[in-house]
Structure formats: C-alpha cells, structure tokens
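Order of writing sets the chain letters: A, B, C and D. Residues in each chain are counted from 1.
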Amino acid sequence: MNPDLPQDHPRNIIPELCRLYYSNGWMPGSGGSLSIKYGEEIYITPSGVQKERIQPEDLFVQTVEGEDISGPPSKKALRKSQCSPVFLNIYRLKKPGAVFHLHSKSSVMATLLAEDNTVHLSNLQMIKGIRKWSTGENHKFTDDVSIPIIDNTHREDELVDGMTKAMDNYPDTCAVLVRGHGIYAWGQTWEQTKLVCESYDYLFDIMLQLRTAGVREIRHT
Amino acid sequence: MNPDLPQDHPRNIIPELCRLYYSNGWMPGSGGSLSIKYGEEIYITPSGVQKERIQPEDLFVQTVEGEDISGPPSKKALRKSQCSPVFLNIYRLKKPGAVFHLHSKSSVMATLLAEDNTVHLSNLQMIKGIRKWSTGENHKFTDDVSIPIIDNTHREDELVDGMTKAMDNYPDTCAVLVRGHGIYAWGQTWEQTKLVCESYDYLFDIMLQLRTAGVREIRHT
Amino acid sequence: MNPDLPQDHPRNIIPELCRLYYSNGWMPGSGGSLSIKYGEEIYITPSGVQKERIQPEDLFVQTVEGEDISGPPSKKALRKSQCSPVFLNIYRLKKPGAVFHLHSKSSVMATLLAEDNTVHLSNLQMIKGIRKWSTGENHKFTDDVSIPIIDNTHREDELVDGMTKAMDNYPDTCAVLVRGHGIYAWGQTWEQTKLVCESYDYLFDIMLQLRTAGVREIRHT
Amino acid sequence: MNPDLPQDHPRNIIPELCRLYYSNGWMPGSGGSLSIKYGEEIYITPSGVQKERIQPEDLFVQTVEGEDISGPPSKKALRKSQCSPVFLNIYRLKKPGAVFHLHSKSSVMATLLAEDNTVHLSNLQMIKGIRKWSTGENHKFTDDVSIPIIDNTHREDELVDGMTKAMDNYPDTCAVLVRGHGIYAWGQTWEQTKLVCESYDYLFDIMLQLRTAGVREIRHT
C-alpha cells in the first residue's frame, strides 16, 4: 500500500487483488495478469513474478495505443506482461475500465468440459451478476449466457486475433475463455470486473460439480 | 468495527460476518444479504456491493412493518437490498432474531440434485444443530429433516409468495431453499442463525460428496 | 491468549486450536470438542458455543475420575460438554495426553463409505504419522491400519460403551470413528494428537478422492 | 522472521514457506521438508515437527557433501530430516538452488491414478511454468511433460537409488514423484522452486478433476 496515493489507485488496488487472487488459486505459479484503466493510463502487472509479492511501484503504465508512460524501477529488472497487447486490444474494442486475466481452475475446466467452442450457463441466479455487454444491462437468470472459447497459442500476444473474432461473434459477452489456459474478463470499473470474475468462477464451478455428480441439465422449476 | 457501539451490535456483527462469508464463498460477486433484529430495528445489508467491504454505517434500518428508520450516508449512494421484503416477511411470520440469505454453492447444488421440491437429511449428527421451528426443540439425528425448495423469480421481492407457502407447508423448517439461487435461514439470535447456516452448509456438502462418490443411502447402523 | 500463563498451557492452546479447526471446517456449527491433560487436570471446551470464539477462561477443568476442579465464570452460563464422559473414559483406558473430538467431513465420509465397521488404510506414506497405540511405535506405510466405526447414539455420553468395546477390539488404534458423526482421536501429547488428526483427515480424504475417481485399490508398486 | 538477517535468507524464507505450505495442506501432520542452498550452505528443515511453527534457528545446515555446518540449539532436541540424503543427492546431480519435498494430496493422487510409472501432462498453459531441466528452457504448452514415479520405501533415505535412476531416465524433469507419498521438486532458485511446485500442484489437480468428471483426453483445439 502506498499511502501517498488514493486508496483506490491502481497501484494500491492491483497488488491487493493479486494477493487475494493468489490465495484463491487464480494466479498460481506467476500465472495471470491484471490491468486497470485510470484516466488515460492503463496499469498492468509485470511478467513472470510471484503475483502475491507485487508492490505498487512494480506496475507498467501504457496508453490504450500501447505507448509506454512509465515502468518499474530498472534495478528490479521486471519485464512487461505478454498479456499487454491482449489487454490493450480489449480496451480499444470494448472500452472497459479494467481487464483481468486469470488462470482459475474453474475456467480451465470449463474449457475442457465444453463440447463445442462455447460454455453455456442458464437457470442460475449468479448469472444476474453478468453484464450483457452490448446493451449494458445485466442478464436475467433464465438467459442463455454464452462464453466463447478460443484456441490457445504459444505466445500470449498471438491470442489477439482469436480474441477479436470471439468478441465480434459474441457481442454480449464480457469474457473470453482460452482452452486449457484461463479467462479474460472485463467490466466498466475494477469493482465490476472483480464481481464478474467471482460470478464466472462460481458458475463454472457449479457446472463442474453438476457434471461430476452426473447431472446434465439444470431444471428451471 | 465501530468502537462506540457494543461489540455485538448489528453494525459490528454484520460487517464481520460478511467478511467471513465472503471468504467462505457464501457471498460471492455481491450476492447474498444479512439481517439482524436489534430491539425493534431490523439492520439489513445494502444491495449490489462487495460484501467484504461493508462498513458499520452502510446498513439500512427498518421496522418489521417495512418503515425506514435510517440509512447509510447519502453520499455513498447505496441502494436498499431487494431482499428486504423477503426478510421482513420472515420476521413477521416466524419471529426470528436474524435472517441470512446466502448464495453458498452447497445450497444451490442441494436444489439442483433434489428430485422433488424437498431436500431430505437424516442419520447425520450435525442435524442436531438444526431447530425444529414449530416446537423450539432441536432435531434428533435420526429425524427426517425436510427443507423446502421454491422456484426462483426474476426479482428477489417476488419470492415472498413462494416463501410464505413453503413456510406454511413446512412449519418445522428454519430455512427455505431457492432453486439455482441459494438459501434463506433464520434462528432465535444471530448466533443461532450463524450456527444453523454452518450446519446446513456442512450437511448439503456431505450429501453432494456422497452423491458424487456413488452412495445413495446413509446407513444408520 | 492469557499472557500470565505459559504459552503451551491448555487455556492458551485450546482456544488457538479451536480457531484453527473452525477455519479448517472441523468444528462447524458449534460441533466438536477438545481436551488436554495438564498435570492431573483435564481441560475441556464448553458445549454448544461458537468454537472459534472460546476464551481461556471458558474451559471446564475435571479430574480423570470426573470430579469438577473449576469452571468458567458463572455469568457466562456455559454448559459442560456432553463429550466429557467420553473423553474421561479414554483418559482412563488409554492414558493419553490429549483427546480431540472433531466433526471433520472427511471422517464422516469415511464412516459412510466403509462397507463394514472398519476403515482400512494402507500403502500411503502419511500412515507413518499414526501411532500403533499398543506398542508405542509408529506404523509402517505398508501396514493395514484399521480404525473402528461405532454406531451413533442420541446422547454423546451414550457413546461410552461402544467406544470401550471398539478400543478393546482394536488395541492398536488411536482413534474411534462414530457413524455419520465424526472422530475421537488421542495422542501422548497435544502436539501428537494434533498431528494424528491431520494425518487421519488427509488419509480419509485421499480415500474419498480415490473412490470418487473410480479407483478401488492402492498399488504398492 | 529474524530481522538481523537479509529478508531472503533461508532462515527467513523457509519458515515463511512452511507456514504457507501448511495452510495449503502440502505439509500436513509434520510431513514434507524444505531445503535452500545459500552460497555453499544447504539449509534444511528438522524432522517430525509441526512445520508451521518452525523458527529461523531450527534449521540444520550442511554442505552439499553432507558435512554438518551447524544445527538448532541443542536444548530444542531437534532431529535432522530423513530427507537430507535425498536432498543432497539432488543438489549433487542437478545443481539446483532449492529442493522442496511436499506431501500435497494432488501429487499423491497423481501417483495413484497413473497407469504406469509416469504422469503425462499436455495441452495446459501452466506447463509453460515448468523448466525442461536438460536445456534450461521452459516447456511449450503442447509438450508432453513426463514426471517419473518411483516406489516408496520404508525409510526416506532409501529413496536415493530410485531417485537417481529416475533422474537419469528423465533428464528433462525437475520433479520426481514417490508413489502414495509425495513429490520432490527443484529449481534454479527458491523462487523458481516455489513456482514449479505451484504449477505441478495445479496441473495434477486439473488431471484429477478431469478424471473425476469422466474426461479422458485434453483436446488441443
């Protein structure tokens, strides 16, 4: 925590969320990355480090167009996240206030259990926590919420094309899953992005538990 | 914690329980709501916020009849919980000291595994932690404890009718489940309500684990 | 923590372990009870309270023969644990330094999956953490460790007879399981009792995971 | 924490990691052991103690060749870990900066689910967190990562021969599994070793979840 900055500055919020998500198992083994837009600046976690030990000064700051504004102290020898181009592409196309990339097991399992390239969710109350991005309204719990799955690539920045297509084909979604890899999710603010990540994780886990218990369908009544 | 209030004042207890239940996974993504009766006042969490960050001054206070007594500072722009009418209906019909509404996965899974509109529990010791509401005694572990499941509705306040019917039909219950949604549970005090929520969560999870392991029946001897 | 007492006094250790076991899910909804022998005094948790909030002065103190030495301040209106006679019976028959009673789900599931009245464990390294009570040596990992299961009873103190028979029939065991209820486990010291409880929980959970994954046998090579 | 030593000295890092791994369930019931190389000194946890209570002065210090450099205060009566010869053998053969031995359930389950003496991982992004030890590069996510499983032995130091053969036969691996027992894993530094342990745990758990859900194959596209 840097007490000279506002409590909700990305330099304070991102390290706090990293600790939370590490303890959740959503950022294991240096996996995952977080970004928050603050004015015209995008704050992004560095690459390949223990996420739960990130400090306020460790973040990279870029414009939406990818220009570098500032970075961590050079003596720390931190590297920019390979996720940066993926994040910036989403900021340009969707205009969110934050984009998170998580390696949560529930999201990976969702990609491995799906029979086609879409995860379908319905008849669960927590669906109401998910925004229908094209309209700005939240979903009804009876909606069929569809989240696209794209193929994984060897380099993170190679995901950009698949992501763009998925966002075009699923204009309502506020998340894209990457097969065997994890989730990219966004919201209007960091708070909304945090809430939507919790909702997806919860919903994917319910789907997994149902599958494991041998239940194939969620009854409405 | 507001040190000017008694330690067990709802303004101190509710934020503490919200942090606990968030870390438990019972209040994910702003889901769930807590209420405690204190004298003639009902304290209720606000709607749609990160439950683990609720402060003592964020609570709405109403009478059992639904009159507003006080609310959070207006600059916080908090909204009253959609659960309020459901809570107040339970306070009027059952005279409890607290009512909690949780989105625990175990309660949702219980509603999705049940073959009719009732969850049955028997031959488990933790049943003894559940009060037979009509008599005020606790259950024997060999009792058949039946918890009603009602259909979900698009708005939380539309649950009131289904809840009332379920409470009429199951006079012994101190909980009603909502399909694909969660649980409403109550007790004579907030401590008893906390204990009964832990008992249900534990029991539903045992039922799920048994189902997943392929066991259909709990032997008594 | 009472700083006027040694750090490892039961009045300090028991509340600390209660908080740990509550957060583990081993003492949910006021379930479970802990006891430690200190000189000629047995310290025992009170009945029916939130275990994670127990204070040093809340313990009941008895002799092995069941005489009351002291109790909590009377204004707290705490009740003696129904487990006391079960604990004291074990202290008389087995001469341990501590006896813990836990409602861990893994122990309940072990009783519900067993086909007869015994849980069998073998070919797992953590077996080495379990003492063969009759000889005082620890088990080899290839031993067949057998833990007896007794029927549950309506009152906790009615378990005494079944416990005595199980301890007679299984002289090597340092634990007795109660069907649908939980585990009683003991060790030479509180530290050993803590370790053996962790070993059993781990082993029972491995057995459950194997069963759920469809594996029936643990290969040695 | 010993404030007179650098923050990343093994006497500070090892107790901190022990507390983390105890709370993770990777060091239950005194199981598991950690070692870090610092200059020419190897710091190793003592045997048979509650790992979460280890203090900076409790570590044994040896050379790679097994000479004792220093040990805990003798009044503490701590014993050297039976893992020491296994650790030192790995330091001599693989030249890592740290070797961890964990009893994580995911690693034990991986040994019990494998049909031969190898665990295979592929098409999962977290594979990229695992070093191909023979080349020093990290794996591609499409690689077939193979981790050897060796038979358990009655004494920990009897594992040395099986470990040496496994390391010879699998020159790329940075971990060896022991059937029904746990994992030995290493990295260039303690940070890398921590990351690789998190990656393996995550991957083994995904494999278990897939198996339990009835999925036998991970699709690439």
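We take it that contacts are C-beta pairs under 8 Å (C-beta built on N, C-alpha and C of every residue); 3 or more make two chains touch, one makes a residue touch a chain.
Since the structure is predicted, the reported quantities are computational estimates derived from the model, not experimental observations.
**Student:** I want to confirm something about subunit A and subunit B. Since they are copies of the same sequence, is their interface symmetric in residue numbering (over half shared, so same) or not (under half, so different)?
**Tutor:** Different; most numbers are used by only one of subunit A and subunit B.
**Student:** Working from the CA atoms, figure out how many degrees subunit A turns to land on subunit D, in steps of 5.
**Tutor:** Angle of the fitting rotation, subunit A to subunit D: 90 degrees.
**Student:** Measure off the straight-line distance from the CA centroid of subunit C to the CA centroid of subunit D, and report it in whole Å.
**Tutor:** For subunit C versus subunit D, the centre distance works out to 30 Å.
**Student:** Express in whole angstrom the distance between the two chain centres, defined as the mean CA positions of subunit A and subunit C.
**Tutor:** The answer is 43 Å.
**Student:** Which subunit A residues sit where two or more other chains touch them?
**Tutor:** 212
**Student:** What topology does the chain touch graph have (line, ring, star, complete, other)?
**Tutor:** The chain contacts form a single closed ring, each chain touching exactly two others.
**Student:** Considering the complex alone, what residue numbers of subunit B touch subunit A?
**Tutor:** The contact residues of subunit B facing subunit A are 25, 28-31, 50, 103, 105, 108-109, 112-113, 151-152, 154, 178-182, 208, 211-212.
**Student:** Report the residues of subunit A in contact with subunit B in the complex, numbered from low to high.
**Tutor:** Spelled out, the residues of subunit A in touch with subunit B are 123-126, 129, 140-142, 191, 194-196, 198-199, 201-202, 205-206, 209-210, 212-215, 218-221.
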